[in-house]
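Please go over the structures that come below.
Note that chain A is present in both complexes that follow, paired respectively with chain B and with chain C.
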Partner chain A sequence: MTKSKADEEDYWNSSKFKAFTFDDEDDELIRLKESRQAVNSIQRLVEEDDDEDDVEKVSWSGEPVGSISWSVKETAASNQRTDREPAFPKIPTDTPSLSKSQSGYSLSSLFKGETALSDSSIRLYAPELRKPKSEYKDYVSDWSPEETIQRLQQGKTAPLEKFRSLQDKLLLLDFAVSAHDGNVITAVLIYLKRTLSKEVLFRELESRQTALRHFIHYLTETKDQRLLLELLRALGRTEDVALLQYKEHLSIADENKRRDFLKSCLSLPFSAEDSAHVQDHYTLLERQIIIERGGKVEIFQKFPRRASILNMPLITTLYYCCFYHYSEPEGTYSSPLNIRQAFKISEKQYFVTALAARAKLKAWLDVDALFTSRNWLGFTRKKSPLSFQRVVDVLQKNSAPTQVLQDYVGLVEDPDMRISLAQKHKCHDIVINTYRDMKDRQQLLGYRGKVGRGSAEERKIDELLNNQQIRWKN
Partner chain B sequence: MANSARRDSPELPDFSLLKRLARDQLIYLLEQLPGKKDLFIEADLMSPLDRIANVSTLKQHEVDKLYKVEYKPVVSTSDQLCFLIRPRIQTVKWICDVANADKAAGKFRRYKIIFTPQKFYACEAVLEEQGMFGDVTTDEWAFYLLPLDDDIISLELPEFFRDNFLAGDQRWMRTAGSALHLLHSLYGPFSKVYGIGRYSKMAYESWREQVEQGEQRARQAEIGNVFLIDRDVDFVTPLCSQVVYEGLVDDIFRIKCGCVEFSPDVTASDKSVKVMLNSQDKVFNEIRNEHFSNVFGFLSQKARNLQTAYDKRRGMDIKQMKTFVSEELKGLKQEHRLLSLHIGASESIMKKKTKQDFQELLKTEHSLLEGFEIRECISYIEEHISRQVSMIESLRLLCLLSITENGELSFSYGVDHLLTFSNLRQLGLLVEQQPGETLTVMESRVGKLVNDKTAGKLTDAFSSLAKKSNFRALSRKLNLVPKSDEEYDLRVPRDMAYIFSGAYVPLSCKLIEQVLERDGWTGLEEVTRLLNGNEFAVTGQITSINGAKNDAQRIILVMFLGGCTFSEISALRFLGREKGYKFIVVTTAITNSSRLIESLLDNHV
Partner chain C sequence: MAAHLSYGRVNLNILREAARKELREFLDKCAGSKAIVWDEYLTGPFGLIAQYSLLKEHEVEKMFTLKSGRLPSADVKNIIFFVRPRLELMDIIAENVFRCHHSSRDFHILFVPRRSMLCEQRLKEQGVLGSFINIDEYILDLIPYDGDLLSMEYESAFRECYLENDQTSLYHTAKGLMTLQALYGTIPQIYGKGDCARHVANMMLRMKREFAGTQNQILPVFDTLLLLDRNVDLLTPLATQLTYEGLIDEIYGINNGYVKLPPEKFAQKKQGEASKDLPTEPKKLQLNSAEELYAEIRDKNFNAVGAALSKKAKIISAAFEERHNAKTVGEIKQFVSQLPHMQAARSSLANHTSIAELIKDITTSEAFFDNLTVEQEFMTGVDTDKVNTYIEDCIAQKDPLIKILRLVCMQSVCNNGLKQKVLDYYKREILQTYGYEHILTLNNLEKGGLLKPQTSSRNNYPTIRKTLKLWMEDANEQNPNDISYVYSGYAPLSIRLTQVLARPGWRSIEEVLKMLPGPHFEERQQLPSGLHKKRQQGENRTTLVFFLGGVTYAEIAALRFLSQMEDSGMEYIIATTKLVNGTTWIKSLMDRIPPSCF
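Entry: the complex of A and B
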């Protein structure tokens, strides 16, 4: 998929994406506002007698409450039975693909004998008037594993206790799996769990992946942590064992106990990747416990915090420290730079977070310092790991004054983007200078109408337009 | 657009019957428990229950007080407790705790659990283990299908997705088969069933067995054809931002069970309003399938018309006024309310979307779909992550990236890739439960046993769920991404791509279109190979009274196993209008990108 640059330009400028833009806030919102005004102007009339035709009560079906007798009638209707052949062919569920699509499955080729009468269709039309289960229990029939599974699928009782040999038990399991009914698979597994030793059960499950997944899910849902751990160990899934143990920290509320628990997790056999995360988790919580105790009172009084920092994510912690502990020396645990170092936070991530925090506090000087770097000659210049367009975005969302904004708008590289941002934020100088640099006389002329009459900007535009030195392109 | 339907489009069957059946069965079950009783309802069953019955129905059948299941000790004084729940082990355990606590306190009560849509043996095993089997009796309420609208039916089982696709637990396959069986019994017999996906095959088999075991009434078919599709056949579509009105409303306000709650900033008043969103809402019905850019024009036109209608009053004499009030005013007022709600919603959507640079986000999605400027996309996603815009959104983009790039990512973009993931981990790792919105997610790294150990692993899991997604090849084969140099007028859509601003035809819907056109999978061999097979097309014996009537053949029931989005429904409605079909969408739940991602997180004990 290599496309030339020109193609790409075309793509972004192609009409289909121009049809509508969510950035085009002014136009569309104005239209909406007009609609809103039109609607609101009729408000009074509507309020005159606001009766109960609430929108909330519009219901999709206005059916009256149904009756039991109606349902009984339905049942009667459903009893008009017709004799027939099986209507649809069976398709092999285990083969990966069916190449024949139509003719191969015509009914005649799959004719089966007449189906036995059964009560299950009536169940769908009306509640089943069942006999108490106890009545079934006495006449124990000698159901085969297959029949037993079928009965279980239909929600009927079937005694499992008669399947005592390992072979029978596994047959039962395999039939359940091939019936694709998870409810029944689990039912059989519960029976096997009760009647087989763990060693034998685990061994047999290893070669039966579908059943195994059902068993793991069942143990997870019943919160049988101990058996689950044993199973995973028996299967040699040590990383899963470690993660499962580690997960227990979620149930420890006290932060000190939790920290100690995490420390004890460090020696578990995690994968290299996970091991690093658990180490970070421990280090972070340890540090948060220290940060939680510190800080200058004034800033907390001025900007009361909404929540404790304990157990917050890393970036939230960094933000918190950029907010409350920004100027602390790098040696302290709560210093943002220290956190950046300790957790190897990328430059970009650090900038975004620090910018957000300092802008929130309207600490414009800090923002300025964040982007200022000195080259070897001692000249300062502004540098940013993220685009200046983004920086402007963040600043503007924190209602930065125009003087602050324009510094960054001016640094946006793409001229079109720069102009559009400058127009949006009323940084006239930048717009004017950019048009001048682009030698675009027409645009400059057009912009003259948008600045205040008699303003300094207007004078500047006039000076430029009258400047004979400039070789305008239009 | 809403009115451009082909004149010969068949009528949809009446699904209110499903509601009536469910209600009657519930009443029957309540009557099985005579005397006053308190009813405990599982939280996620409240809305579905609301759609089919109301409190007075319950009161008529001696339900005294209603409670929500909250896993806390109960305060009820009733001597009969009835629990209406999903078959979940946790809930049954809680009920056993309640009963055991009563026993210890020497309190005697009767307990009844009504499982819906069916009971599981694992739940009964809990009753047995807790010594409560028999003391607590159980029943089943076969409430499989909730019609959300004329053409949408939901099983309201969001957990279907996670249980099947992530945990590999097939517990809902019988349920899916039974739901299909119910529809077949009431609106069938079906004549053709097409499908693709492992679980679609299983659902088909389960349904077929139930048909064989049961009896079919000879009747006139109302639904002729069925298409079953697994969610993992197409993960790309639900991961995209929705830009059709109904989908957008779902992405932003979350439609729950066909109902949305508009907050005060939408209603321009001091209270929130709950609104049913369906075809009964005339204003909504005309804009639901429209690209968002067309909605404003429509709403302002509507507002002007309304103004004119009201202005008619001027200069009326008393008699005319009387007729106006009795005949028109009520309708106008209703329309006025709806109109101002949807205008408010649109304003709110605009504000939210402008704030989060939606345009740029869409550009990124579109180039991911098209497969170029991937490096730019990655850096956009990276920035998205570092700015902590939204965890779910970041994950969504990562998943989209990983699926559309189909694993090639790891070596061709190795470094960026790793960096992105390590950022993601930083963001997420060590997150804890916090109140409110802040995303706690990435305990997932820890939580999942099998697949999603880390955020990175979550996306890995996602791509492994999608097996080899082969998206790029599929996109070429099926022409899913229209050429970008052609003009696309969103007001006059020419294909299903309009639901994604003309940038992408949803894979799921394209498959449906192709299979219906070809009456099977012939000619799509390469496509099905790329989709890991499991496709089928079967023809049944027609048992309809008058043979297959043409109308029923053009009514197609599409069942999504694992959820579908409103955008896909809009696309199918469009396809239906174009080809003279009517689609009925049956889904295990309505989904969208956030729900999909959230269902894979694991940040709780």
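Entry: the complex of A and C
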């Protein structure tokens, strides 16, 4: 999975992916600086009458004064402070003249009714001011299914109750669907849901995919979970059923109830892989509830927790256990090794997490032990599933002291990377030794200026430079 | 005020004026003084249509945001709710109305963009439907966003279309296009690629038949409409945009034409003034082509922005220096008369220098570089079939989940699906690190086709890449000669399709079109005789490109670049359901997960 070292190096050196680095970094930087300088100098020049109001006034939040969202805040605020003048600054008002645009129509006039353009004036000034109170009274008009749909589409009322036979109802639905107006489709569906048995409705919807989708959307919106599940089941969409049901756990706050709910989800018809994940989810919460209760008091007193571990992700839980339960025997639920086993956490993930947790506690011996392995001769050597560069990174983020850092910097294989890390973390010995091994006299000479005058490092460099045995390459 | 809308090839101000007219008409229906209660989401899109002054002219005296509880007191005749048709909002409205004891109040609802039976039914259930004098709809399908850009600001369109199979947004799209045709003439040619595109075209043709009685007598402004499904090109939004505007959006997020920025860089230190009170509120800026400098630099690769800003700085400095040469009263007067314009330019330069500095801090970071390198590896087809070490490391460091999902999806798209073993490994790592509840999100990504197991052993992405020249080896960021500059090497697939359609035509890429999902098609709409355009020699044609499911700023930049190319002969107007970037797009596909308590 990891690229071999050689590959990686090769990659970095030959990479064609240099795009979007600044080829001439400094040049680009200077250009921005130029523009910054110009801005500053001009600013001094125009300071007296300096205000942002060139075109429109802008309040500090940047919203142009007079914009709607600004005004919402402002009118609401002035409502509380009645003593204050609700000051609406003058803004260059856009005079409501339409002559320039030559657009005499409003948008809706274009579509309301078939002869919109010709009789738009009538439409506009005789708008449909509906009185809902009278709206739901029974009508005596006799519209066909098609006419009914047309009326609904135009926002007019049309009673659906008079369509009693299944055939009429389905006709209504089919006309609604072919009108493509989701709103009308939904209206008909609501009526059908009220007046048809589930079995009939589900059966008819199955052969009407568009209507079916709208029905599902409707049930989702109205949060009619029970009927939705029934529908999906009837359609044989079992995985959707399982996921939908599983999703409900998110709204259960109590951890014990949530755990029991997750347990009940285990038997749902998930896909094979999801089923394994849900099992893990349940096991994790079950464990978290146990872990939450346990632990030695001292460490919690010394490092108080910021939050409970309940409902945290697995890796966070592992970190928590590496922090508070590190040395517990492997048999306990809170032992990191036990967790690693139970959830098959990858070596890399386990390693990074344990490393970060122990470093945070400054338990350097534990850190050391993580890397130590014995080969068959009994020699100890340091091994890591991570690059040592990453290890140094993690340690440094947890403010490891130089003595600790240098052990790991020294293990970075690539000499250039090693030197740059060593310089960054002031591991002088490593820099000096690496230059020595590279027989790079010039670099060593240069580095001499960077260490303290009269320091041990300086003496060491001098010794090396005077050493006649070394065959310097330069 | 919205002059920048009329500078373009197509005067989009006509559309804006039509929308304003309708708003006025609605307000006048409610006679007397008014207060508007806003669904907060709508204030942004409405801001693109009207300012408070317009509302005030029509007796709107107070404005509030919609909140549960009691309405704030206001001495007005009418209370108008401006809301999206959402059930949860209906419950709030019901509570507001219920707890209002003024009997003389008139309540109204204006649904944007459509009325909804569902909502009305909910109001009825809550027992308040009868309290409303007036229930109306304000059809705001396509909102003019800039001189060449229309957006429906319909955030959930992609999710609804591709995950939930709900085509409501397509209906609105078709309606919006009908409106557009009513104002700008019938579009004679329609091309499309994708299932949703096909569906929208069908609805348009059908709606046209229904209006058969009325012939549109407007001379067509658009020659061609191109409908593109977002799922034809899932790759582009996942890549990090590298244009100036694209990066602003990636890093800070542009909302309804506004961006909020960290205030520190914008604090104006005056001489002798201590910098004690640094503003803490984010600085909000409006970004559109009304600002000359922004129009100039927005579509440049970010690496070319520094040079452009410094050039501009020199010009402005020189202009200010002119004052030394102004000797006579006339000259001084002349200078002073230009001051406002110069100051506007100066403040614009200051703002964009600050923004560029902020962005540069990020683009020069190691993290940004590493991420980009991996993206470019994927796009060029390097090692897309293995678990990627960088992604693995990012998960181990618990980088933001969306970043991980963007990369994994990108790898999947560039490999025509991941090997089952690789996919399982990623899923496992993600669920273990970010929480098992993300099973739901991963399932959504699979349904949307962004993440999938490889079904056939044949990966056709390399063929698509080569045929459409999606990767250009030496993209010129400073003086681009190809659209690939917008992603520093990657030419967005969607825009290549657009480019090829204009010349030499899709027939040349039949093979590739078949590899991409959904049908491709061509339709013609008859024009009444006499409306056939007589084209001047050398006159450009105009194409409206409609992205169903979202478009990125970098894609827009690429289309603008094509419009400006001397020999392209084509100008593009862009329309979309929503302006997106990889982050907002993935977010729209995630299942809402309650914020954790950590």
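Here, the second predicted complex is superposed on the first by the 259 of 474 C-alpha atoms of A that agree within 3 Å, B and C clash if a C-alpha of one lies under 4 Å from a C-alpha of the other, contacts with A are read in each partner's own complex, and residues count from 1 in each chain.
Basically, a contact is a pair of C-beta atoms (placed from the backbone, for glycine too) under 8 Å apart; a residue touches a chain by one contact, two chains touch by 3 or more.
Every value quoted in this text rests on a predicted model; they were computed, and no experiment measured them.
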item: Touched partner set for A:P313, first chain B, second chain C, both or neither; value: both
item: Chain B versus chain C as contact partner of A:L284, first or second or both or neither; value: both
item: Which superposed partner A:Y246 touches (first chain B, second chain C, both, neither); value: both
item: Which superposed partner A:E161 touches (first chain B, second chain C, both, neither); value: neither
item: Touched partner set for A:T222, first chain B, second chain C, both or neither; value: both
item: Where chain A meets both chain C and chain B, residue numbers; value: 1-3, 15-17, 19-22, 25, 28-29, 31-32, 34-36, 38-39, 41-42, 45-46, 55, 60-61, 63, 66-68, 70-71, 88, 91, 93, 96, 98, 101-102, 105-107, 115-118, 124, 127, 155, 180-184, 186-187, 190, 210, 213-214, 216-218, 220-222, 243, 246-247, 250, 273-274, 277, 280-281, 284, 307, 311-316, 343, 345-346, 348-349, 352, 390
item: Chain A - residues contacting chain C, complex; value: 1-3, 15-17, 19-22, 25, 28-29, 31-32, 34-39, 41-47, 49-50, 52, 54-55, 60-64, 66-72, 75-76, 79, 88, 91-94, 96, 98, 100-103, 105-111, 114-118, 124, 127-133, 136, 155, 180-184, 186-187, 190, 210, 213-214, 216-218, 220-222, 243, 246-247, 249-250, 273-274, 277-278, 280-281, 284, 306-308, 311-316, 343, 345-346, 348-349, 352, 390
